[in-house]
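Everything below concerns the one structure shown next.
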Amino acid sequence: MATATVIFAGIAIVLAILLIVSSHYLSTTENEVIDKIESLLPRIQCAQCGYPGCRPYAAAIVTDKADINLCPPGGNETVRRLAKFLGSDFSPVTKYSTTANLNEIAFISEELCIGCNLCLRACPVDAIVGTHQSMHTVISDHCTGCRLCIPPCPVDCISLVSRNA
Amino acid sequence: MNFPINSSPHVLPITSVPIIMRHVLYALIPSTIVYVWYFGFGIFINMLIASIAALISEAIMLRIRNRPIKPSLADGSAIVTAILIAFSIPPLAPWWLPVLGASSAIVLAKHLYGGIGANIFNPAMVGYAILLLSFPVQMTHWIPPQIENLGFQNIDLWSTVLYSVTGSLPSNLNLDAITQATPLDIVKGGLKNGISINELRSGPLFSQLGGYGWEWINIFTAFGGVYLLYKGIIRWHIPVSLLTSITIFAALFYLYDPNQNLSPSFHLLSGATVLGAFFIATDPVSAAATNQGRLIYGASIGALTYAIRTWGGYPDGLAFAVLLMNLMVPLIDRFTTPKIYGQQQ
Amino acid sequence: MTELVLIIFSAALVNNFVLVQFLGLCPLLGASKKLEGALGMALSTGLVLTIASALSYSIEHLLLIPFDVEYLRLISFILVIGASVQFTELLLSRISPLLHQILGVYIPLIASNCAVLGVALLNSNAARNLAEAIFYGAGAAVGFGIALILLSSLRERTDEEDIPAPFRGPPITLITAGIMSIAFLGFTGFPQT
Amino acid sequence: MLKYPLFQSFYGGVHLESHKNTSNHKQIARDFLPSRLIIPMNQQFGSDAIPSVKVGQLIQKGEVIGKPAEKNTTAVHASCSGRVGAIEKHPVPTAGKVSTSTCVIIETNDENNIAAQKPPLFKNHLDKLTAINHAGIVGLGGAAFPTAEKLNRKSSHCEMLILNGAECEPYISCDDLLMQEHATEVLRGALAMMEIVGAELTVVVIEKDKPKAIEAISNAIETIGSKCIRLTDIPTMYPTGGERQLVEALTGKEVPSGKYPIDVGCICQNVGTAYALDCFFQLGEPLINRIVTVTGQGVKNPQNVAVPIGAPIVELIKFCGGYDGEVSQLILGGNMMGYTVDTDQLPVTKSTNCIITTKKATTPKPFEIWPCIRCGECIPVCPVRLLPQQILKAYENKNFEELGKLGLSECIECGCCDVVCPSHIPLVENFRKAKHLRMQEIKSSELSNAAQKRYELKTQRLSSQHANTEKLHADLKESIKESSKNDMIKAAVERSKKRRDKK
């Protein structure tokens, strides 16, 4: 019995040491995976997934195993791509009914804007220009239609218009 | 005046799926006639039963899947599958054998994968393999060729039908007495018992070129195949590479030891070699897509058929060779994509 | 030498571990969605199989038999397999984080792949020597790899087709695997060990 | 049935049933004078011309009515004399579809003399190219690419001028007739082009199904006596007329993706263009006419007509005897690569080489469609060596990455795959949709990339701001501590001093 215990413990210890040593030499970085997943997302930075931006969401998918169906702008198409890439199962996006998308952009009404600067701070992609106490405007080529500027506006002067209009 | 808008090109189609299938059926006529000449009317009965079973299972599957029934039934692909299965089961067979073969081919190999054009395995060969594995006894009850009285009993049409339906033969006939192993079977078993090829081939079931009767069936099948080539229904790559590779392997081993290995002509003209080369391996859905890929596909089927016949457990390996190469098709396709114009260095 | 080649050939084709002996079906279904993933899985399992068969042979013949504690065989083999899987996972996450992510849970699950323990136990039962044991492991790995890669390449095609809804996913994969194993029956009767 | 040649001069292609004899047995009709002209300003590849006439103005045949908007684009001329009726938006057939463009509408009068023109004189090479542009000369093969721009490729050396008389489209015979009737002029034009590009050799390429044209050209070569013009008759095979296919057939070289024949030392010009150039060099006549094949079962007298640019199609059809019974389709261009239009009120433009009228019985679409049976017939006929069946699959699955890999953008939409498909799948139509979708996808991914970059910049900026503030706070705290320490030391020193002083 004693021999058995010694031998078994011995095997276990030797293997454990080998593993610890090899794990020391074989450390990993996950950036590559996060990059790839981020590129599959629509990257309009709307934060509707509950993470502050697309990259944090991608990182969450990799490290925290966040669900892949949290991205409303990407819709089921994005979920399908992610599922295909990750080899996981498809399930439809359930989070929001109305979604941000690239075809609509924000528009600031000149008459109403009071130059409070709040929308500018909310914009994740620096698409709003303007300075304190003067009218702000949206650079249409930069706007991703994420709608993050709408809630902070105290005078409700921001609306969404079609990108091509 | 308002004219309709259509997308280019504005041409009438040259051919269509039903036309292709019809030509395939025409091409099988000569070999059917020779088959009947040597083996009696059994194959007709099997063809009929298999076709009905195939059409019924096709209709049922289309109905369940909520797909339009009429065009798919009319395209003739189910009948082609059924006819090929009828060719591969013994002429004297109980009715449920072709029914099972045809319906498993249509349901399992075709419709579960999404119907015509989506099957990854050759439906006829899946049906045949299932029959062979499930009912090895019934599938090896071949009757010997009935022409030029070799001492075998003649079975008329009525008795064949009766056997197919009821499973009983006229009282003067005994199933075990009238059935025989096929020439390839005899060779396989004989070689195992140390009998040399020459001794085996002096038996009554053999003739100059191959198995008695089988040689002519194969030759007339080849006529049908040439007709398909002439009509542009199939391209030459698969049949030529398949027959060439089987000939080369057979010739090499025959030259090495003619007493232990069958001659190339025997390999070409017995079993399902020619039928396989022109009608089975050329099923476009489960074959490789490009010409280059088809050469590889055909040659590999030839090599595998030869290997299974020579070293494997089954007398004729064509069905397994086709199924094995069906497995390889996606990989072959992946590695034989042609270089796009202007994109190479 | 012919003997060793025959061992590989027979373990890979004639007695294919997956398609003829039906071992290791879980990763076959789980990791065969994409060709890249299947390739990674095949290589990882191959590594584990080879390492594990070599290690378990050594442990059995250098420790267990001399000290007469053969009843520890099963548990120590499991230990060895667990460790080699862990090592493979570390290696994979280093070499290709992308593949590591795609395969996810299936890499640790190699440890519970019955083919791996099967190879170790079959080696021990058949009283093979070290070289034979390693070649048998490698042959099993090749067989597993062939089945996995073929199935994944077929699945890439079938997944895009209009498969009846109740058969989508695992059912049609199992049917495909079934027909694959029918096809592999063509190899029965080939010379084997 | 189709036959695939085992040896072929270029990859792929199909033999098509010829319909040229419907229209090629008559001489070119030259007496067509429409009652009004609708001359579009966007006939050429590139920016539109700007109308330079006023409503009500009387103009003469050959007068400039549209000035080039930029230096390197072409002018537009009046094809007949008359009065400018209006300058307005009008539907115009352009590059595969009908769109609206500014048009000058001319009510013609019978006075059909060309404005006094003489053969132009050139000071230098550049001057010549500008003059060609101002004469409105564009490629008459169908793309209407400005000829001067095509000839002006000084950076690359041109070895061979390919004069394209292949005319592989089964219905078109305008180049055939032109070569038969004006072989010498065509060759003279080619020689002029050769001089401009500095090539040493001109190869006239004609398909073998045009024996009369071949004879006329070879006679003309003898008459001219030039040693640097050669005639090549090539097998009848669609699409030999494609530039890239011609280059491959004649030189064995492939034009790299995204580049032009000039990059492998060739320039392709249509025979019609050479003729137009000769007319300009010899007579000073700008491009105001082109030969149009009016053909198909739906027109009474199918024939080739010299048509003033801008003539309404409806009048051209009337000139050819009018419609014969109920016409089911009107196709502009060949039946393989042309496009249907819904009305005959459109003008003939510089790129209109053929008008086909079809009847119900021969209207090809819509067919019964079967699923793809992977027969692979589409693969050996594709001149670009694509895999149409797999592109279709990738399109159906919206797999854009795969579409890119399969080379969708290289598809020349020649329609060979459609012709041979036994399942009658409208492949080219699907590929067009796929191209469109893919372009959208690429656009939105560009937007996404830009957004990602800006987002990264913003997060970086915010975090560095944050870090700066943190650092500032820390520094302040530190300095407060520092200063208080110093104070204490000072105080201590003070105290000790006091103590010392007490002593």
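As written, the chains take the letters A, B, C and D, and residue 1 is the first residue of each chain.
One rule holds for everything that comes next: a contact is a pair of C-beta atoms (placed from the backbone, for glycine too) under 8 Å apart; a residue touches a chain by one contact, two chains touch by 3 or more.
Just so it is clear, the structure is predicted and the values come from calculations on it, not from any experiment.
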item: Central subunit by CA centre of mass proxy; value: D
item: B-C or A-D - the one linked by more C-beta pairs in contact; value: B-C
item: Between chain D and chain A, distance of the C-alpha-averaged centres to the nearest whole Å; value: 42
item: Distance between chain centroids, defined by C-alpha means - chain C, chain D (Å); value: 56
item: Distance between chain centroids, defined by C-alpha means - chain B, chain C (Å); value: 34
item: Chain A, residues touching no fewer than two other chains; value: none
item: Chain B: positions in contact with at least two other chains; value: 115, 118
item: Interface hub residues of chain C, defined as touching at least two other chains; value: none
item: For the chain B and chain D complex, residues of the former touching the latter; value: 1-17, 19-20, 71, 75, 77, 115-118, 231-232, 235, 284-285, 287, 289-291, 294, 333, 337-344
item: Parts of chain B lying in touch with chain C, wherever the complex brings them together; value: 64-65, 108-109, 111-115, 118, 120-121, 126, 129-130, 133, 304, 307-308, 311-314, 317, 319-321, 323-324, 326-328, 330-331, 334
item: Interfacial residue positions of chain D with respect to chain B in the complex; value: 1-3, 11, 16, 244, 248, 254-259, 327-331, 335-344, 356, 358, 362, 364-368, 370-376, 379-380, 383-387, 389-390, 407, 410, 413-415, 418-424, 426, 428-429, 432
item: Chain B-touching residues of chain C, taken from the complex the two chains share; value: 35, 149-150, 153-154, 156-158, 161-164, 167, 172, 175-176, 179-180, 182-191
item: Contact footprint of chain A on chain C as seen in their complex; value: 31, 33-34, 37, 59, 63-64, 67-69, 71-72, 75-76, 79-80, 83, 86-87, 90-91, 93-94, 97-98, 100-104
